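These notes are about the structure you will find just below.
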């Protein structure tokens, strides 16, 4: 039986939901206020969870200070106080919905975290809209 | 691998816990303060989670605005500012515990949400008492 | 210069907003969903603040354990898991709006707290509706 | 002695902090990440407080449903899912710091709320950065 | 299909992270500020979840008042306002990391809760550092 | 009319409430569990509020990044992950109640903040126990 450890971080960013293959009318109909061409923004709360077995020498599954630094270096450094559509390469051709942001963050961190640890992302776009990835 | 999306809503309601097949003494012994014949009440926080695959055209698993409207029309419209025992048909013969309220809300919404999406309900009766349904 | 100390407690109660001197139509027009004759309810969060000078021997303005016990004995004992309109004498002829509940709690606790301490009440009816009394 | 009543609302917006009379270097030095020319964004939590005397007929200082509608019509309609710098006329020549946003919201609502009520604004730009206006 | 019910409690405690088989330098390198020989402390938030089937007679999976009392008697009574390293026998030879505290609490409560109920522990050491046990 | 700006920070610390001029019995009677000779601890949430007039060139009353750095350098550096009684000189002869901690933090920061700004401290020892200083 394993233990899950979670570190919470946050970042603030602007974004716009838009599908360039659609007409303006269809974009407006599907994405509504989120399609504003001048962007809007959010305080994103990010929870990163690793699952593993505690090391008997430390009692840690994973040093959460190290995890926090990995998140800061590989996610927050690129996302915080940015325009996700314009400043973050991952979203040049990918709509920055909460779902896609969570998947991108998972892919970034999966390369930094040894595969012995399961990795899960939970992202709060607002207090009321939340996504989790992956779900098995 | 799939993504879970969650929408949080809330409603305020009165209720009373009571088993009509029991004596008043037994009801008082089992349900204590929650058996008050004049009712008490709660601010219920409701989280509705759908699990599915993001649509490549939108980046959405499910439009949370649509989900919010479904919850408002099919749950909040009937539960908010109501007396669950007296005003909500589902609880005429079912004790409105948090467990039963969550199961009823799941049944209501399951009829509104395509079966390609898994559906889960999390209900906070208070900050300290929480239920989730279903658990596999 | 003085220090304010605050203790937070909570209670769950049913209530109905209604003016018996008005017609049903006017009550419905003014109080809307809150006028439901079968009651609805809330988780009330209550903050009680005392202002005074720390005692040099203890470093306390007021022992918050003592304050918590006073609130439990004189407020929660009468309000928690009750129907405010039917079970609480103060509201037999007073509409249990958040404003009036806060004023009643202030009057109850003012009799228990030495007048050397200023006393303030903050009451959350929901996360979004809050009242404070008194304001000078 | 009076009662304060508070209604909480929220809006999501993009913004950029920038003084057009300064060089890019000075803007960067003073505003740092907040000067990003592509904007960033926040979930703003807004608390609007009115101070007055409860009406004996209702027990209300002010109907919070009415206050909520005023905030939605006169503030959220113009601010929510907007770029404050580009979409909101008030900030064409005014830097949209939390301080200035709070002052603008106060001025907007002051015209909608009878002067018998004191009016206060509290604005959370993030969980950690908060402003209040006016302070006497 | 089953229902999960959760009760939240909290306790305040001092602790120190330290491996007595290591040099002071290695302890400092691994545990950093958490190795302070004079201890530091936390407000721990504890969530205890049971999974089972609601009893048709009550609508309860498990009476949360009974669960709260079990947690108080068997966990909080021994952990609250204590020094985990010095006052709690379980940590005489076990490092009181959040992971180990969660596992110990699970072992304590597993002896009190009938095996027909799955048992899970979630422990918040801070708002940003959280552990869950067990994960299957 | 002025604007208040608030920055929230936090620190984790151990402490013990004790008056060395009293007998053990009297200390136990007055401070109860908080008198544990082995210490207990808390996650302290700290809000520092400055009141002033926004600078027309920046729109800031005070750069909250600068305020955050001042709090980190002059308060958190000395208080975080410490034993307040043993590690913090201010409490060698002063009982580290929440009231006294708030007064000490105010005195520390008052020396760092120009007197044109009013300065207020709000300290959460737990979610339920809160102090504010000064109150005029």
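Residue numbering begins at 1 within each chain, and the chains themselves are lettered A, B, C, D, E and F in the order written.
We adopt the following convention: a contact is a pair of C-beta atoms (placed from the backbone, for glycine too) under 8 Å apart; a residue touches a chain by one contact, two chains touch by 3 or more.
Note that the coordinates shown come from a computational prediction; the quantities given were computed from them, not determined experimentally.
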- Smallest count of steps, each to a touching chain, taking chain C to chain E: 2
- Note on the structure: A correct list of chains touching both chain B and chain C reads none
- From chain D, which chain is the farthest off, judged by mean CA positions? E
- For D-F, find its twin among B-C, C-F or E-F: the pair where over half of the contact pairs carry the same residue numbers. C-F
- Query: Farthest chain from chain A, comparing Cα centres?
  - Reply: C
- Query: Counting in whole Å, what is the centre-to-centre distance of chain B and chain D, each centre being its mean C-alpha position?
  - Reply: 34
- Item | Separation of chain A from chain B, taking each centre as the mean of its C-alpha atoms, in whole Å | 28
- Let me have the rounded angstrom distance from the C-alpha centre of chain A over to the C-alpha centre of chain C, please. 41
- Would you give the residues of chain C that are in contact with at least 2 other chains, written as numbers and ranges? 127
- Which chain pairs here would you call touching? A-B, A-D, A-E, B-C, B-E, C-D, C-F, D-F, E-F
- Item | Residues of chain E defined as touching chain F within the complex | 10, 12-15, 33-34, 36, 38-43, 80-83, 86-87, 126-127
- Message: Touching residues of chain E toward chain A in the complex: what are they?
- Response: 17, 19, 21-22, 30-32, 94-100, 102-103, 127-136
- Please give the residue numbers of chain A that touch chain E in the complex, ascending. 1-9, 47, 51, 54, 57-61, 63-65, 68, 118
